[in-house]
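For reference, the structures are reproduced in the following blocks.
Each of the next two complexes has chain A plus one more chain, namely chain B in the first and chain C in the second.
And then the complex of A and B:
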């Protein structure tokens, strides 16, 4: 009955072949294959979630080789909700892409491949297998970013490829050190093996440094974020939404898994520098990301820098080694995916319908597109952390965890970041609702709107659904926490 | 020091490759050379893995060789997978380079920056 877990990876990989294979005969088959894949993926992830709710942890030995010798896939209270999130994001993005495109069959193949890679990162319990899935995720993302036709998109994608590959290679080198010292690659097996080698062993410390640095590149924490704004801003809106929702989230989840399942909190207690360094780096990232976001005039770039700041929050919570903060980090991962994905899609709706892309252009937008503007405002306020939305639940737990751990500086940084978040979203919302549109700017935007695509019902529906989801998730926050908490308790 | 060189030359070689690759990726303005650098960087890691599997006097882990000690085959298997990943990355990178050349007419980062500013 645990087959559903492995099918979460196998189905998208198999599905990724069809759009390209059948593309010569049926021109528009890609979307239908991807939609079918998305629905099957949702069914499978719901099955996995139901099993996890019933029995706690489920595991699957790939190919019948028993762990620790074979590759093991595991789903628990943390990864199951994230797997459901992958399915729902995929379906949401597909509903948007039906009209907005890109329409090529290759795009849908790459999307399916990315779904497979991310599902794999969430499901695997093997450190080398994690490398492979990270690279599948990476490869699919590089191709997706470049699916915007401009040479700028290709350049942003190549930059991402260089930085991403170096990050993944550092991770691989770290895995090499771990394997040399312990002789195993299974995460559960590594927990004891690393402890018996000794946390102060230079090779173990080196492996920790390499693995964490490699994953932080993928998470895009300042100063390792250089690839991220270009990649988010230059790719098509559909792609920006999907990768901002899931790719960094997958890397951040991998970071949680590696630090807590492999190195454990005992390592963080003994080597206090490790946690302190993470928290310090993350705090800088929170502030610098937010300040850079305030400075941007292009809306997609602003949202990209906002992600640098928000993932700083998550990494800070990981470094605190406090249970409440870690729960907050996972809630914020889920919340950020919904909010940021939704925001990118909303910006896409504005860009397609009205041709506006910069903060300047947003003046008086609320009168022209009241529903999308309301959705944008809800998502933005949720990101700021206003209750009852999900952004509040995540940030609240992180702050409470920071106070519990006695890290007052982190609590202060989170509060400051909330104000900065308000600063960069506030100026956009102020323009949308309270600034009269300039007549000239209006004329330019209608000329500039040479995308002949009309905003479809599906595109608007996804935007509204994501805004509603951000609030509903916030209201149901305590239920989400009761699912997540048991899986994280075991680490403490 | 000499002792370290003679006993650990394989590790030193892989770290050298690692450093050379990283230097080329960061230092060269030419995009194709950056890709070559990335490959050298990865090969450094691959060789690091491969050399860790070696056991002094070990036989290949093949049935029928009848020796007592075998070299560890697992790092080699892992690296076969990593090589496949590396090849795919190179392929994607080269495809992107073709598109960049079509768009800007150059592979030199500095020239591309100038073209972008002129746009």
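And then the complex of A and C:
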């Protein structure tokens, strides 16, 4: 039954073949293949999660080659919830894409490949295997971003391709240094091997710098975020939601694994500069991302910069090397995925149904689309961090962790970021509910509505479900923490 | 259409090139297969072998013109090659599960030298994927941007 772990990666790869192979014969088979894959994936990730709840950690040796020589897959309290998150996000995005598209078979092949890559990142316990999955994730994302029809989408994809490849190469170079020094690629094996080489060894320090920088590019932390706003804003709404929910999340998860499982907190204690630099960079990212978000008029671009800020929070918590903060970081990863994916889909519903894309257009929207507007408001307030929603649970743990670690500056930055988050979401919500629509704006929205497709029940349902999920996850936050905590405790 | 016309007129038939390619390409193709088959025991493998096989086809396209090559090797054929390659890999991996092995555990099949044959089949599968993808990338690029390939994305 432990095969479920490897099948989480294999099933999406197999599913990505069908739309290509059968595409010539059946025009729109892609969605059905992807939906079947999503359901199987959910079954598998639920199986893995049940096993993790029962026995703590499960490990799988690919090909029967025992680790540290073979490739090992591991699921624990951190990766299991994230794997379930992948399944649910896939299904949610597919429910949305049924009507909204893109409808091409190529799109669903790429989506399945992306699912495989992200599942692999969450499941692997091998640093080189992690590189392979990061590249699968990256390549599928480049193609998905380019599936937007505008030339700007192609440009955004190309930019992402260049920057993302540089990031992945830096990571690979870092892995090379690690391998030369230790002769192993298995994460659990590396823990001891790195310690025996010595944390102050220049090669180990170089590898740390290269790996972390490479992953930070993928996480999109300021100033390495330049690919991200374009990629999120120019791609189709379906793609924006999926990649904003999972792609940077996968990279941030990889960062947690590498820093805590490979280099460990002892490394962070000994090389205090490493943690300090991470925290400093992340703090800048939190503030600058939020300020840039306030300045945007295009809503998708605003949400994209908001992610730069929110991932700053996660990286700051990683750099603090404090257990509470790290738990908060993982909770915030899950929460951010639900919230940001939901927000992008809500914006997609507004854009398809009413043709509004900028903050200006949002005036009086609540009267026209009350349910979606309510969902947007709930998700936005959750992102700000208002209890009982999930945004609060993550941020609260990060703040408490920062105070425990004595990093008052981080605590202050998180509080300031909450205010800034309120600033950029507040102005949208204020327009939606309290500004009367201008007659001109009305004309624009009907113009946009002409070539738009009808908003389907599935599209609305996903938006509402994500808003409800953000609140329910917040209420169940302590349960989520009891699952996550044991897996992170071992690092401290 | 204008781009396709342009690339056709840019093509010049050369007896020397055509003869050389006709002689050389079967050897290159065979060498590609040789490299793929050596993935199990020595230096070699699907990636390198696939790239060499693809180069033999690209060489044909250079010598005999891209449009004739496209007619000879249709896009659906390339798609099929990629699909078969990937299916081989995934099939061998999952097949081992049916024999109570781990994913990709070749020994589980219980055939003598099963590990070697398993790896070789997987390498052939990878080679088919790599060759197919390289050739289709080349053909797409050679098709130019006015070529009506955008229909695929709508």
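To be clear about the criterion, the second predicted complex is superposed on the first by the 490 of 492 C-alpha atoms of A that agree within 3 Å, B and C clash if a C-alpha of one lies under 4 Å from a C-alpha of the other, contacts with A are read in each partner's own complex, and residues count from 1 in each chain.
The criterion applied here is as follows: contacts are C-beta pairs under 8 Å (C-beta built on N, C-alpha and C of every residue); 3 or more make two chains touch, one makes a residue touch a chain.
Predicted, not measured: the structure shown is a model, and the values here were computed from it.
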item: First (chain B), second (chain C), both or neither touched by A:179; value: first
item: First, second, both or neither for A:128, with chain B first and chain C second; value: first
item: Contacts of A:169 with chain B and chain C, given as first, second, both or neither; value: first
item: Partner chain(s) touched by A:491 [first = chain B, second = chain C, both, neither]; value: neither
item: First, second, both or neither for A:32, with chain B first and chain C second; value: neither
item: Partner chain(s) touched by A:158 [first = chain B, second = chain C, both, neither]; value: first
item: Which superposed partner A:139 touches (first chain B, second chain C, both, neither); value: first
item: Intersection of the chain A residues that touch chain B with those that touch chain C; value: none
item: Chain A-facing residues of chain C, complex; value: 76, 79-80, 82-83, 86-87, 90, 93-94, 96-97, 101-108, 152-154
item: Footprint of chain C on chain A - complex, ascending; value: 3, 6-7, 10, 13-14, 17, 20-21, 23-24, 60-64, 102-104, 106-107, 147, 149
item: Chain A partner contacts - residues on chain B that touch it in the complex; value: 18, 22, 25, 31, 34, 38, 41-42, 45, 48-49, 52, 74-75, 78, 81-82, 85, 88-89, 92-93, 96-97, 99-100, 102-104, 112, 116
item: Contacting residues of chain A [partner chain B, same complex]; value: 128, 131-132, 135, 138-139, 142-143, 146, 150-152, 154-155, 157-158, 161-162, 165-166, 169, 172-173, 176, 179-180
